[in-house]
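Structure in structure tokens, see below.
A, B, C and D are the chain letters, set down in written order, and residue numbers restart from 1 in every chain.
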Amino acid sequence: MMDVTRRQFLKITAAGLGSSSLALLGFSPQPALAEIRNFKLARTTETRNTCPYCSVSCGVLLYSLGDKSKNVKTEIIHIEGDPDNPVNRGTLCPKGAGLLDMIHSADRLKHPEVREPGAKDWKRIGWDEAFDRIARHLKADRDANFIKTNDAGTTVNRWNTTGFLASSATSNESGYLLHKVVRGLGVVSLDTQARI
Amino acid sequence: MAWQSLDIQRRSATTTPAPGARQATEVAKLIDISQCIGCKACQVACMEWNDLRGEVGHCAGVYDNPGDLDSQTWTLMRYTELENNGRLEWLIRKDGCMHCQDPGCLKACPAPGAIVQYANGIVDFHQENCIGCGYCITGCPFNIPRLSEKDHKAYKCSLCSDRVAVGQSPACVKTCPTGALHFGSKEAMKDHAEHRIADLKSRGFSNAGLYDPPGVSGTHVMYVLQHADHPEWYSGLPRDPKISPWVGIWKGLAKPLAIGAMAAITLASLFHYIIKGPNEVSKETEKEVENETRS
Amino acid sequence: MRRDPNDLDRYTASERVIHWVVGISFILAGLSGLALFHPAFWPFTMLFGSSIWTRILHPYFGLLMGVAFLVMAVWFWRLNRMNRVDWEWLRRVGEMVNGNDEHMPEQGKYNGGQKLLFWLLLFGTILLLFSGVVIWRAWFHFDINQVRLASVVHAAVAAVMIGLIMVHIYASIWVKGTIRAMWYGTVTRAWARQHHRAWYRYMTGLGNGQSR
Amino acid sequence: MTNHWVDIKNADLILIMGGNAAEAHPCGFKWVMEAKATRKAKLVVVDPRFTRSAAVSDFYAPIRPGTDIAFLGGVINYLLSNDKIHHEYVKAYTNASFLIHEGFAFTDGLFSGYDEAKRSYDQASWQYQVDGQGFAQVDDTLQNPQCALQILKRHYARYTPEAVSQVTGTPQADFLKICEFIADTSAPNRTMTICYALGWTHHTVGTQNIRTMAIIQLLLGNMGMAGGGVNALRGHANVQGLTDQGFYTEMLPGYLGSPSDSDKTREEYLAKRTPKPVRPNQMNYGQNFPKWHTSLMKAWFGGAATAENGFCYDWLPKKEAAYDVLALFEQMDRGRMNGFFCQGFNPQASVPHKAKVDGALAKLKFLVVIDPLATETAEFWKNHGELNDAKPETIQTEVFRLPATCFAEQDGTFTNSSRVIQWHWKGADGPGESLSDLDIIAGVFVRLRALYAKDGGAFPEPVLNLAWPYRIPHQPSPEEIAMEISGKALADVPDPKDATKVLAKAGEQLAGFAQLRDDGSTAAGNWIYCGMWSQAGNLTARRDPSDPTGLGQSHNWGFAWPANRRILYNRASCDAAGKPWDPGRAVIKWDGTKWTGNDIPDMRPDARPEEGVMPFIMNQEGVARLFGVERMLDGPLPEHYEPFETPLGLNPMHPNNPLAVSNPAARIYPGVMESLGKADEFPHVATTYRLVEHFHFWTKHAVLNAITQPEQFVEIGEELAREKGIGNGHRVRVRSKRGQILAVAVVTKRVRSFSVNGRKVHMVGIPFHWGFRGATRPSHLVNELTPFIGDANIQTPEFKAFLVNIEPA
């Protein structure tokens, strides 16, 4: 009994000493190799764009997964400043630095919807239905309220019962096209965010 | 490891030296508080690059949001409104890991390889080796590392070691709109700081200076302060940070002492046994007992 | 187990159980603690599943050890009150270590060394418990300076405790016939007479024994 | 901006007032820091609160919201009375010497010609004295009491430092210190740049705020100079572009005035908008108006626009009234609107007086919201508790919500504040079924056109004949439209100087607006953008950042309108002989045969200095206007008027004239006066503003930004907090006459009370970013509080100065 105890004690001591001296010699049971995180942009696709927020119009680089091959759904995973842009030279403010979350916001709209008169919620519709219904609304209102001449008999050709407010964050091309279309329809009730 | 300066210089809980023949350029981030507008672009860029999204919290009556560093917030703007000589100053400090040359976290860390210091001076946490004990917090003179509530690992700024590894600057530095953040070799950063300090002095900040505290053998994140004589004005930046003497004892003297003592006791016991032999009940006593019992 | 009807009962079953609960949890806490204390002992983390399990389990081992020890202390503290004879014994402990125990002052159930050990362990356990709580980040958030102080205290006290326990273990191995007291609860009369004569007298009514 | 972002680095003094560039435009603000670092420039900030711009300034002074004209009028007075003006510049390049009509007067706060009933001015007495040829008369000695400079002196003599401090609450010493900073830049080789933004425009005197600074910059000789100019730091990425595309009722693309009922014929319309020179030998560039307009009509109506039908002039609608956004909501509220489109515009959040906006939207038959994000406006009918207490069952508006792609998901151009047009490329598809704005506009139009083609209807001609030359009619490409905007030759365009040469062959893209013609041989959707897509290709996509000028011009990066010119009025950077005022920062110079240098000259390239062609080529007089003879509806010289909700109840500059308390020419709709609060009930001045962490109402949808400023707060000073028993971080209720919001109080030293007109006025600062949709904490829209009243000239709402009360919630 006593012998056993002694053996046990020696065993424990030896094991302890043994393993600790092994460790002292550099042996470690978990070869914990320190490695840095992989550079996450290594094989992403880079696209040059412009920050949509303020009018500094910083150049941004959009980094997306995949190489735009046919079967790959492109997903933007990172955005940073474009160092070539002479104004921002690669920098971005907190808004610009957070652009990724605007693109991927949970509040992004994905489908056309309509809220019927008096309804408490949205109803998903298709683009065809949306375009048709809107076009019919426009035509009905324009046909009913178009003014060809004013009281003095001057040709005025205006329609002022449907109004348009345009973004000042949309591209020049869509701003221009919208302007062309609404003036072509005779609209005078139009304004842009730029006023505010 | 993609870049030789990311060779490891020091490794937590490791008693033998790392390969060190190559001479790497030491890097540093310079935070020029006099050019900082506290816009938090660095904060957002840090979260974006490192895929961190903390809680959307509340306004607590200050601009500091989130309220403190945490596992999802590796850098944070801290705001101080100071009235000095009748003029208001808004001192805004970007808080985060200072990447000490003598890192208290690394010294305190018990897990081999959970904290490393690269040859370029960056101190990095490797969460896969982290055991979540929080000793790094105990060791840090700047109160930086934070344990995650979710995975119980410690996190802090990595100085974007992944970006630096491929020759890029940290995300915060790249984004900084006003040029308050700079990144380069530590020498270059000190030179730049010198220019900035001269400019500040010409604008009436006679005590402008560089914060590169010698108590931790210098840092790889340095500040240009308008009031270098009062670092504590900047949300309590420590005046003379060093690794706490308690941590020093704990991770210094205590270790060999304790091991020595235990080894000594073990060896003393062994040799005592060998020399003196077991203390057995003597035959006489046995006899006396027999007699007594019988009587 | 009573091998000989004359053997003396030294520990009841529950006393033995609590001792071994303390002992085992001390060893577990000690091994896991040492693993976190010095890289040389890092391989001990493998005993506990992984390094993270070591970190998770260590405080619970400690807590178990501490609580069990406190229970034990409640049971045993009266037996460990120091008296003049104990101090006398301690003064002359050198003779004992030297192997000449015949002239040592007569001891009750515990000798001065054991009593001193008891109080040191109790004191250490309390310190370990308190300092351990302070640095137990999974549950508590103390001021950083308290944590730093507690870290040193915890490490230092633990080292001392380990030392004491090693002495305790060695003493039990060195003094033959001791360990069975904690295995079977009994000791031989001869053992008792030689090492704890006063207790021997008390237990047997032989040899003018009064004191416990 | 007359100059551009990078050019700010060339300044010696940067004044930030009426804006907060560090927070609203951080990446542009870097050039302020660059000027400080490399030129030892000074930064001076004047703002109601200590902003983050102020945090890095060399000098900061507070100002009561809505009193910028008083401050700047005081600066004008300081410059004139201390003779700190750039004499040569003022004499040569401004209308300082021009004689103003004898009938001009300014009496007790009102200019001559005021009609109280119409709340407007007859501007007849604000004109130049003209000679028989129609040329303005001048007095080169500048001594004639009717010359503009003398009138200016008299007008601003009232703005003494004492008066300025009384009105603005700026301590006199601070004001004078800033005057010294500014006066220093009157030296020919010193420049100041002014960076302003909504802090000047969001007032009922918004346009005049900017006019005041323009006068100062002219007196200092800082217009046209590198590091000078009047720089509007604009809001959205393409707010400049949308302004350029003229999406305002009163404009067509390229700032061409749109016709109104009085423009009965094309001839009348053109005549009214084609200015006659008022001084000899001037470029009077506006005389080319018919070329620009005709080219636009060709772009819009293509082959249908012929000389015979006046290039479809009659197809353009004529407006008879105002249709700015306030007017639109006023009309809507009166039930005169049936349909409404909000494309990337969230009026419920960004138009004042939310209760009124809610009521107006509920009267619509249909509302179409086109947006990448779920805006508040699209859900104005939905109940969001007390944040939007709507009753859906009572609202009969049919609402369509169409998902648009965002910037990252489409190609196209944005025009930045520097007027640089830059192409951007699509990085990924939009989410779900989202479509680009172009596709949505085309989608609706193509359907509508088909309905008209099939069923006929009211005046279908312009609908059916709108030029639609796009390869895929329902999906016009951004490239096609950019080319259309830039313009092309429809027939060969001969060189007017040499008829044997052809400048552009039929079908070619035009090189610039000089090639536009008024005979229908050219088409350009926007004359000022002409040349952005020339025969050389898409110049907006150029990406060469090199800058051999050292001034930061980067001429081969994108394309700046007009004509890739980076600094407007750059002829004024030289003296009369064509020598740069500051050779160290020369923008252009006369090299003996032509204008040349570091920018596209804003001058006829071969105009010899001796010809006396003056730099301000868009004005008929060739010089800039210290005295504003046309355009300004509320006075030729800026005058301080109180905000419509004034804490004082009177105008300290005209304490005895109730007509002159607030802008006498501002438009007031019926019922609006009743919706304005008085100081007895709402004693505190409120001002709204943006924070650096957020972009308007967008970034509240982005988690990253929501984390950094999660919740609506208001800022108050320590004194007011003590008075009201409001602790830092406590919930408060802020009320105006129109509504209320709940918020967290931020009690700060950065907000102070003002000592004004012998009393103390407290301010409540209200950042403008949160709402009941988004990733941030749900909150009220701040426009619950704001007044439904706008600037006298352009109707930008007065968001920056109104009255509230505050109490613990």
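The working rule: a contact is a pair of C-beta atoms (placed from the backbone, for glycine too) under 8 Å apart; a residue touches a chain by one contact, two chains touch by 3 or more.
As the structure is a computational prediction, the values presented were derived from the model and not from experiment.
A.B. asks: Could you tell me which chains are in contact with chain A and with chain D alike?
C.D. replies: B
A.B. asks: Could you tell me which pair, B-D or A-B, is linked by more C-beta pairs in contact?
C.D. replies: Result: the pair with more contacts is B-D.
A.B. asks: Where the centre of all protein Cα atoms falls, which chain's Cα centre is nearest to that point?
C.D. replies: A
A.B. asks: Cα centroid separation between chain C and chain D, in whole Å?
C.D. replies: 84
A.B. asks: Chain A to chain C: how many Å between their CA centres?
C.D. replies: It comes to 65 Å between the two C-alpha centres.
A.B. asks: When the C-alpha atoms of chain A and chain B are each averaged to a single point, how far apart are the two points in Å?
C.D. replies: 35
A.B. asks: On a C-alpha centroid basis, what's the spacing between chain B and chain D, in Å?
C.D. replies: 50
A.B. asks: Would you please write down the residue numbers of chain A that are in contact with two or more other chains?
C.D. replies: Only 24, 28, 30, 79, 81, 88, 91-94, 96-98, 100-101 qualify.
A.B. asks: Which residues belonging to chain D are in contact with no fewer than two other chains?
C.D. replies: Where chain D meets two or more other chains at a single residue, that happens at 26-27, 30, 692-693, 703-705, 708, 775.
A.B. asks: Listing for chain B: what residues touch at least two other chains?
C.D. replies: Counting only residues that touch two or more other chains, chain B contributes 15, 39-41, 43-44, 48, 111-112, 129, 177, 179, 266.
A.B. asks: List the residues on chain D that touch chain B in their complex, please.
C.D. replies: Chain D residues touching chain B: 22-23, 26-27, 29-30, 33-34, 36-37, 40, 50, 52-56, 58, 60, 692-693, 703-713, 727-730, 744-750, 775-777.
A.B. asks: Which residues of chain A touch chain D in the complex?
C.D. replies: 45, 47-59, 62, 64, 73-76, 79, 81, 84-89, 91-103, 105-122, 127, 130-139, 141-146, 148, 150, 152, 154-181, 183-196
A.B. asks: Which positions of chain B touch chain D when the two form their complex?
C.D. replies: Contact set of chain B toward chain D: 34-41, 43-44, 47-48, 53-63, 65-66, 81, 83, 87-90, 92, 177-179, 196, 199, 202-203.
A.B. asks: Contact residues on chain A for chain B in the complex?
C.D. replies: Residues 13, 17, 24, 26, 28, 30, 32-40, 42, 78-81, 88, 90-94, 96-98, 100-101 of chain A touch chain B in their complex.
A.B. asks: Please give the residue numbers of chain C that touch chain B in the complex, ascending.
C.D. replies: Result: residues 6, 35-40, 42, 45, 51-52, 54-56, 97-99, 101, 135, 137-138, 144-145, 147-149, 151-152, 155-156, 159, 162-163, 166-167, 170, 173-177, 188-191, 193-194, 204, 206-207 of chain C touch chain B.
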